[in-house]
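Both complexes shown next keep subunit A, but they swap its partner, so subunit B is in the first and subunit C is in the second.
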Partner chain A sequence: MSLMRRIPPLLPFLLCAGVMVSLQQLMRATGTQYCLTQLTMSLYYAIVVMGLCLLMGHAGQVSLGHGAFFAIGGYTSAVLTTHNFSAWGHSSLGGWLQQGGVLIAKEDVFGNAILTVSPWAAFLAAMLLTTLVALLIGYPALRLRGHYLAMATLGFGLIVSKLLVGSTLTGAADGINGVPPWPLAGSLTVTGKTAARVQNYYIACALVLLLLLLLRNLLRSRIGRALQAIHDRETAANAMGISTAAYKLKVFLLSAWLAALAGVFFTHFTGGIGPSEAGAFKSVRYVALAAAGGMANLWGVTVVSTALNYASLRGWFGSLDNAVFGILLILIITLAPQGPLKPLGAWLRRVLRLRNLSEERLERS
Partner chain B sequence: MDPGNLALQYFLSGITKGSIYAVVAIGFNLIYSATGVLNFAQGEFVMLGGMVAVTLAQFVPLPVAVTGAILAVAVVGCLLELLFFRKLRHHSILHLIIITIGLSIVIQEAALHLWDEKVRSLPYFTGNEISSVRVFGAAISPQVLWVLGAVGVSVAGLHVFLRYTLKGRAMRACSSNPEAAMLAGINISNMRTLAFGLSAGLGALAGCVISPITMTHYEMGGGLAIKGFAAAILGGLGNPMAAVVGGLLVGVLEAASVRYLPAAYNDVSAFAILLLVLFVRPHGLFGAPAGAQVREH
Partner chain C sequence: MNPAPSSTPFAPDGPSTASTAVQPLLEVENVRRSFGGLVAVDGVSFRVFPGQIKGLIGPNGAGKTTLFNLVCGLLRPDAGRIAFQGRPIEGWKPYRIARAGISRTFQNPSLFLQMNVLENVMVGRHSRARRGFLGCALRLPGQAAEERTIRQAAMQQLEVVGLAHLAMFPAGSLPFGQRRLVELARALATEPRMLLLDEPASGLNTKEKEDLADLIRQIRDRGITLLLVEHDMSLVMRLADEIVVLHHGARIAEGPPQVIQNDPTVINVYLGGNLDHATSSQES
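Let's turn to the complex of A and B:
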């Protein structure tokens, strides 16, 4: 019995891992493994929504600019890993960077020798740039409340997407193609190659589970409780000695990191990125997905956003995709404002409790 | 054309677009004051107004078509309130805002299937594409005068309505203190429906007058909602007249960036300036800081 009580905290993770594995097995059995590509993409998109869950559901801040952070992450690694830095090769700085493994020499498709930044270094640069931009936009935005913050982030997202379309460095309206694979460790590589499809699916699964575990622990700490106080009554939280400004900035930064992280993985996985990733529609969609998943419910937002993104990436609803998305959004929020998983969980718990009760009764008799 | 006249030309085009943003921003404000909800389907009212008027204009004279479109869209606005927001009053504000986003997507898709993806437009109210009026050396289409006139008259009318009629005062009472208004015997629910109807009708009017210049397209609502939201925020939420200043400013900034920056960057300066304004004045140009702080709807 004591074991039964201790399992539940980890049970959802095991359950989720089980579902992930059985999905892959099911697709293997039915010969539809090509669907894993879209599932992997949806998992990466879900990471952005997880960040928004933290920001909206737990800190009460709305950001309509998270598509921009996704794009900043993705574009930074795409530009650095495809741009030819051979002009630097002869300088002492270039040589030094090459020895440190930051710049790597290879051949392009035409067989010319080129010098590009290694994916790991590009990843670090992407996170660094995201930190800078998030602080730059987040610090003054802290003074803004509610709808004013939403507008500021929306404006920021629009500026980023216009700059991406307008600049030749980022490939203008075409975006960037031919982003190389990202060797993580050993033979683990983030790439869109068909042979590595299953491996990449599990990389995305592991990343999502790891982040879920980390975020869940974060929310159960002092930080999580402070955020909850800010969400419920900002003025009251302030009066209790919670530095609301500092916490809001930290959560904003954390959610920006998550979006950028997803962007980097996504770009290496699909081999490219386009300016539409930074568009207002994408950002609004992330917010809508977070709301549909229950806003404060980490599991709910992850499951709902993965499922809905997968459905639209696979084109289940054809030309009615947007209409179905809108109707589902309205239905979920009208009927289950806490997210569809909450009522399901309550039902499961009731069933389990009933069974436990009847077992106890049996034991007693 | 000399530089002065060219600048005037861009300024006038900015004012024209800005007046449409102003109308959308007023719609945002009316609904925000009454319910606390930001209605992101506001741009769809403009689109619907244009679409319905274009369809009606095939059967009836233009003035009748425009009036019919305004009434029809106002009814749609009232229906949205009756069907969704009246029923869901106990949902949080954020949930209601997300529902307006959902509604805007659904309305857009419905328009795509009801009409089609073609760009259409009403005929010019007076004259045609090539007729122009000279104002201080700049040439403008007579339709611009129609836009400015229609928007000016409706804004003035709204001002008089809110200020001097019993209904309008009741509406303002609802927005400043819903509970006290209820105690004074005002039916708050009906005031909310009225707010939705009014802002939908205003949006439709804007959609009709701008249709000959910018054309009507099923996708136009989203962009208008963003610009209108920017205008409402720039002016300060909760103040319909400040929204007019906000809208005109956004329009002129946009025209200026078309004039001085590469085409790809056309909205960058408008939004950059908006961000700067927000960082210096977090409550918009005319917003009151105290009101926004501990206000619950």
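Let's turn to the complex of A and C:
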């Protein structure tokens, strides 16, 4: 804590931006720019874990269903931007939506005229649906604690993944392909096209940095303290005037939004999404990554999750992918429940202090 | 002050008709709560008037802590009524009761251990500030000022309990007695009208108890009404204006300390005749 105070507040962000730029430059210099694609995807996955950092690390509520919120965001965008709404085109509602820019006319790969929802409108719809589902699930589930909450959210994730596999609207087991690029503003477009790879890497970097800044502000405020109080002593928090039930629901909703937001960006970036995104393994992986990053440590969680997801996406773990994250979770929980970064930091501080002490002794003698 | 429960403490037209007497701050009427077959609080009634220090005593298992939890909303009464400032509050959630002006400390200091001492007290300011998720995340205008106000107010309360020098220490690193004081500062930070203290002196040494007694009087002088459960007889007899004695969940006596000390029922069932001995040094 005292160490944190001495660091200028924006320094970590500048440092992080510096690392992001140098990584890109390094990949350019070594001719491995294609790796930027996986790095970008890892950054989007990291946003889900940042949400879990808030929910689990700070408010103390478990969720094994955040893969489902990622999928809800991604699938809503994918369905709306690829489904042909031309049947609506002749109705007055369709015309009105077209004028408002919600529906846009274009050609599919076969040259047929189709009518789809614009990416921005689809994004808003995705966030709206996420809000509904999160409130519907969170309201009853957050009355549960510990293992029961974990079970309830796990069940929710399984239901969503089964629905996605079972429905033709979501492309069943194949998922959805051909999701169009998302023009954000001006020439900034979320797309997987090779020409826009560097640009998209920086879009993801900027989004992650922005969210980190907002979440850090949030955690260093009365809201952050209220969440931490619920984590530490729920009864005492309530007796101090904090509406614990409302705060738990709000932070659950916020973390669901972050997961869905990541899902929308991810889907436009990769041009598609599959049902495995909602799977239990994905949700467990997010929890493992949050644990590996120190759960309550926003920076640790972001860095560790980006690095490990990158390794996984580059295929470093081969077919042992899920096993690696499972073992990681077990190791962290048994050996370093506060995450590996905290003991490491304590060890570093001890070493530094010992060196200072020995230097003092040398000076005195 | 008549300790006997009035026949109409919950008159619908309320305070306006009670112009002859002082309006009680807290009214507990025929409150009952059982756990399974065990009746922990069995039809207890009492009133606390503004500016009073009211003591709640009774042997272990008499239902004192249960009664506290009923008043502050951690438990719901099975029957009976509780009113604060004339408004019924039974069945309210604890956070609502806290906002209405009742704050408390716990029998085992219940600090937020991942925070430092100052942050713990700052949590007490929660309901006195307004910025929400968006305002805090975006640092909207006024948020920094509000945060500063929270910090200053929390620091003031730490000064009141004499722990300002420990503000930046992790809450978990403090010894038991100091945790008690941090909890007290946290409760004071909510700016309560009424403060419930659950065995504030247990685990404190003689010197700490003396300081605590001074502090409690200081708090009373600031206009905060106190209700305290306490096992230390000499402390409670010196501090309290009025005492309620509970036994097996029922009120067996109520009155000023001198009356309680000489009440044959109390001496018989609770103090076993040792009361005179325990407090003889304090009698004038």
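Everything below uses one rule, namely that the second predicted complex is superposed on the first by the 310 of 365 C-alpha atoms of A that agree within 3 Å, B and C clash if a C-alpha of one lies under 4 Å from a C-alpha of the other, contacts with A are read in each partner's own complex, and residues count from 1 in each chain.
Just so we're on the same page, a residue touches a chain if its C-beta (ideal position, glycine included) is under 8 Å from a C-beta of that chain, and two chains touch if they have at least 3 such contacts.
All of these numbers come straight from a predicted model, not from anything done at the bench.
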- Which partner does A:229 reach: the first (subunit B), the second (subunit C), both, or neither? second
Across subunit A, the partner (subunit B or subunit C) reaching more residues is B
Requested in this report: Could you tell me if A:221 is touching subunit B, subunit C, both of them or neither one (first, second, both, neither)?
Outcome: second
May I ask you to decide whether A:166 touches subunit B, subunit C, both, or neither, giving the answer as first, second, both or neither?
first
- Query: Now for A:238: first (subunit B), second (subunit C), both, or neither, which partner does it touch?
  - Reply: second
On the A-aligned overlay, A:291 touches which partner chain: subunit B = first, subunit C = second, or both, or neither? first
TODO: Could you look at A:174 and tell me whether it touches subunit B, subunit C, both or neither (first, second, both, neither)?
DONE: neither
Where subunit B and subunit C land on the same part of subunit A: residues 235
Per the touch rule above, subunit A residues touching subunit B in the complex are 56, 62, 140-141, 143-148, 150-152, 154-156, 158-159, 162-163, 165-166, 172, 235, 280-281, 284, 287-288, 291-292, 295, 320, 322-323, 325-327, 329-330, 333-334, 337
Within their complex, subunit A touches subunit C through residues 1-2, 214-215, 217-218, 221-226, 228-229, 231-233, 235-245, 250, 254, 296
Per the touch rule above, subunit C residues touching subunit A in the complex are 72-74, 93-96, 98-99, 103-104, 106, 110-116, 119, 122-127, 129, 131-133, 136-139, 143, 146-147, 150, 168, 170, 186-187, 190
The residues of subunit B that touch subunit A in their complex are 38, 84, 87-88, 91-92, 94-95, 98-99, 101-106, 108-110, 113, 222, 226, 229-230, 233, 237, 262, 264-268, 271-272, 274-275, 278-279, 282-284, 292-294
